[in-house]
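Got a structure here, written out as structure tokens. Questions coming.
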Amino acid sequence: MIKALLTLEGHVSLISQKINYLNNYFKIAFLNIRSNLAGNFFAFLIMSFSFFVMLIFTLCYINVYNYMLSFEKNNTMLIFLKDSANYHNNNIIVNDLLKNIKKLHGVKSIKYYSYNSSLRFLIKHTPKISPVLKTIDPRDLPPVIKIHFNPEYISRIYLSNVYFRVKSLNGVQFVYYSRLLADKIGEFIFFTKVIGLLIFLFLFISSIFISYSAIKLIILKKQDEIEILKLVGATNSYIRIPMFIEGVIGAVLSFITSIILLFLLFKIFIYYHFNGFLSYFKIEVVFLNAFEIFVIFLIAVLSGFLGTYFSSRKFF
Amino acid sequence: MIKALLTLEGHVSLISQKINYLNNYFKIAFLNIRSNLAGNFFAFLIMSFSFFVMLIFTLCYINVYNYMLSFEKNNTMLIFLKDSANYHNNNIIVNDLLKNIKKLHGVKSIKYYSYNSSLRFLIKHTPKISPVLKTIDPRDLPPVIKIHFNPEYISRIYLSNVYFRVKSLNGVQFVYYSRLLADKIGEFIFFTKVIGLLIFLFLFISSIFISYSAIKLIILKKQDEIEILKLVGATNSYIRIPMFIEGVIGAVLSFITSIILLFLLFKIFIYYHFNGFLSYFKIEVVFLNAFEIFVIFLIAVLSGFLGTYFSSRKFF
Amino acid sequence: MIEFVHVYKSYDKNYILRDLTFNIYKGEFVFITGPSGAGKTTTLKLLTAIEKPTHGVVNVFSIGISDIKPKDIPFLRRKIGFVFQDFKLLPNRTIFQNISLSLEISGISSTVIANNVTNILKAVELYTKKDDYPLSLSGGEQQRVAIARALVLNPPVLMADEPTGNLDDNTAGIVIDILKSFNNKGTTVIVATHDKSLIDLGRARVIDITKN
Amino acid sequence: MIEFVHVYKSYDKNYILRDLTFNIYKGEFVFITGPSGAGKTTTLKLLTAIEKPTHGVVNVFSIGISDIKPKDIPFLRRKIGFVFQDFKLLPNRTIFQNISLSLEISGISSTVIANNVTNILKAVELYTKKDDYPLSLSGGEQQRVAIARALVLNPPVLMADEPTGNLDDNTAGIVIDILKSFNNKGTTVIVATHDKSLIDLGRARVIDITKN
């Protein structure tokens, strides 16, 4: 009989009831937020803190990763040529060499330095000993060919292939590329990825957990209220939906706060010319791009949602 | 009359009463912890997280700072000498120079490289162009004097003083030290200090705040209980002291957990040879020393205490 | 409408209700009585699925309480107004908000809510206190708020647990009159009480759970 | 011992008590009465410094409630057992722990506590429920626990707010007997109630706060 009553009632005013409910959910959520401003403010601060730590980590990670990548990608190869007394002969050999090297896949640009420009090249690239080099007779230096590679092609195997090919060419005295560094950096990038992922997971779980505690803090205050609501006939969704709204609003607001805070800090950082300083070390500092921000935003919303989910589960 | 009663009662069994109280405070604290294991575990986890972030930051900060300092402190000065055709004359000038330089305060060691050893020196210090240098005639190079400074003496002003003094000496062609780098690094160290302090303050306040929320979470659960205790005649200290015990125990346990976690992470880091990799860049990674750990421990205890203080204040 | 058939209820193997059988018909006014600790509150809790019987059958609106689905419980409770012995008012909502709660959870529009709540507050003589909070009311006033909350949804069944425990005889008389008037309009009313004078005042069927 | 001299008490400019003057002497048994909302509970709250008078003087043990220092309040409250209208028991402590609370906060050793609590639990006939939690007790049983907690410290003054509101006549009689026996041992007992039959049962001086 009660079921018959319910379905009847359900059909009569289903739509207006749904609207009333929806209206109510938001009303209750905002009422809850207002009625426990202090508690909600704490929750908000804790969540902001957690997202802030997460954002800072992402920012650092992305910059370290970029830096590492720039190491790997900026690889150039120096080819020192045999010094031939015969100028004409020399020219032919060099032209041959350049042609051969150009044929290699992934070579972006080739530059030939005669012994004169070779000295200028050395002076430019090793400022520390430039005064010494200035005293050197250019003719003592060998000509150099410098190869730039297409970053997409670069890998350890590719580089060592090119190395052996070039070495076997006529007129080449010595080929230099920083193989050791490349190896080490490859290894480091791998671990940066793995550890970055681990830390990110850790931060994600922590941020769910922090949302959880923050919302739990609010729910604990309302434990008796929820008990009474249930006794008076409130459904689960009536009790939980406003909480989810609260949780997600909290997460979004905290996220916005922390991203603004991070952006301001970043601007201060730039303002004090650290960027200039770091670019001295060839470190370029970039802010998070829209996609990264969006991903973290989704994570924030998700952690607000999951936090509410877990903290409100036990009551039902 | 009530006061008379109180003082009488106070004198009769003061000591046994004090012992009973003390006994009780610890009993209540442990009872509270046990009776709200879940809540306390959350609080513990949140606090661990906050201390962990703080410790990681300190570890990174100290390593970055050390690295910066090593830059500043490892400063050497290279003095390129005028090339004299007269060998004998040359020797006298060099000896004079060495004597004069030795007189300067803060000079730790001096090394003279004749043009032969000058080349070896260059080859050793600029491996990237060593194949080029190998083709150079040693006689084209000037002799070099290298000065190592006592790290304690080094400062920008000191270095520029020495620079001008040495420059004016007889037989000196050119003095090189990386002033630009020193300037930039000095600036960077300053900002590292300031920003480090700011972030540390931020983390300290956050960790108080997190202890605050964690303990608030526990207190909220007990709000009614506290109200009733007060109505039944409990004094403030009776209610608050067990909370302080709880708060400090929580802080200490979380601190221990997070330092152990950090140490394990550090060991994993070392295990995967990052240290070796970083030492390639002349970065030496060190763990926190006992003093630093102790300071953060004090901060942990303090934040547990202050957290309890602020969160339990409003009830009285 | 309400059936108890050989109902047993125990907490931790301690039987409170033993072989309790009775019927309450639509539109009746019934007193449930027994001394302190006899199981009056427990009997009412069985009717709203706050507790389930250990043995036996409890039927409310032809629904068996033993096998009711959790998601149907809220809808059952909306059909039964319950005045709790300890009132169970929300301390951080005003009297008005406390009473409108029962209507809000059913998704009723706010104009209807305002109207109904005002009427019921006038009936229990608490309209002047509508913006006060429960903790600032006296025990008797809180009891009347609890009654108002149970009645505002105009439920087919009203259960009141010791509804006059904190009321002086005058106010108790007013409350009984309110319950009677709802009963006259067709509401089934069940009152649990130990108060002999209240039973005398009500003059209705008495179910003594200790004599079953 | 207890003096009310021209006491006024208002909440938000709304005067509840007007020019209330009375005396209660050491060892007396007194009923405070009046209809629901008259200010009985408020009167008792004034005695334990839960509220302060708006005008007038309230003296308890010759201490003026208006100028008592916050740090002296706990010691005043330990001298006055208070049975609250809504019991105020701790839900997460057993009956035994609830009652021993009053003793623990005074720093009394646990052997003495165990002894005293056992005695008082037997007096209110709840010894078998000593390890249960308050929420699993009936309303009347909870009321008796509240009484036991107020009495266990053997205070010079005992105040009970509607101590039999949830009790049937038999149990109410037992409670009144307990109060009387403590009164005979020298405890000053003040009972706030609207229940005429209880006042008849007690046969003691009645202060009607509405007639002052």
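Order of writing sets the labels: A, B, C and D. Residues in every chain begin at 1.
Operating definition for what follows: a residue touches a chain if its C-beta (ideal position, glycine included) is under 8 Å from a C-beta of that chain, and two chains touch if they have at least 3 such contacts.
Nothing here was measured: the structure is a model prediction, and the numbers come from that model.
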Graph distance between chain B and chain C, where chains that touch are linked: 2
For this structure, I'd like the pair of chains sharing the most C-beta contacts. A-B
Which chain's centre, taken as the mean of its Cα atoms, is farthest from the centre of chain B? C
Using the average of all C-alpha atoms in each chain as its centre, how far is it in Å between chain A and chain D? 66
Take the average of all CA coordinates in chain B, do the same for chain D, and state the distance between these two points in whole angstrom. 60
Could you state the distance in Å from the CA-based centre of chain C to that of chain D? 29
Multi-chain contacts in chain A: which residues touch at least two other chains? none
What are the residue numbers in chain C that touch two or more other chains? none
Answer with line, ring, star, complete or other to describe the graph linking chains that touch. ring
Chains touch in the following pairs A-B, A-C, B-D, C-D
Sites on chain C touched by chain A in the complex: 48, 50, 61-63, 71-72, 74-79, 82, 84, 88-92, 101-102, 104-109, 149
Per the touch rule above, chain B residues touching chain D in the complex are 1-3, 5-6, 16-18, 20-21, 24, 35, 224-225, 227-236, 238
Would you pull the chain A residues touching chain B in the complex into a rising list? 42, 45-46, 49, 53, 80, 83, 118, 122, 125-126, 128-129, 131-132, 135-137, 140-142, 144, 173-174, 176, 178, 180-181, 184, 187-188, 191, 206, 209-210, 212-214, 216-217, 220-221, 272-274, 277, 280
Listed in rising order, chain D residues that touch chain C in their complex are 11, 34-41, 85-86, 136-141, 161-162, 165-171, 194-197
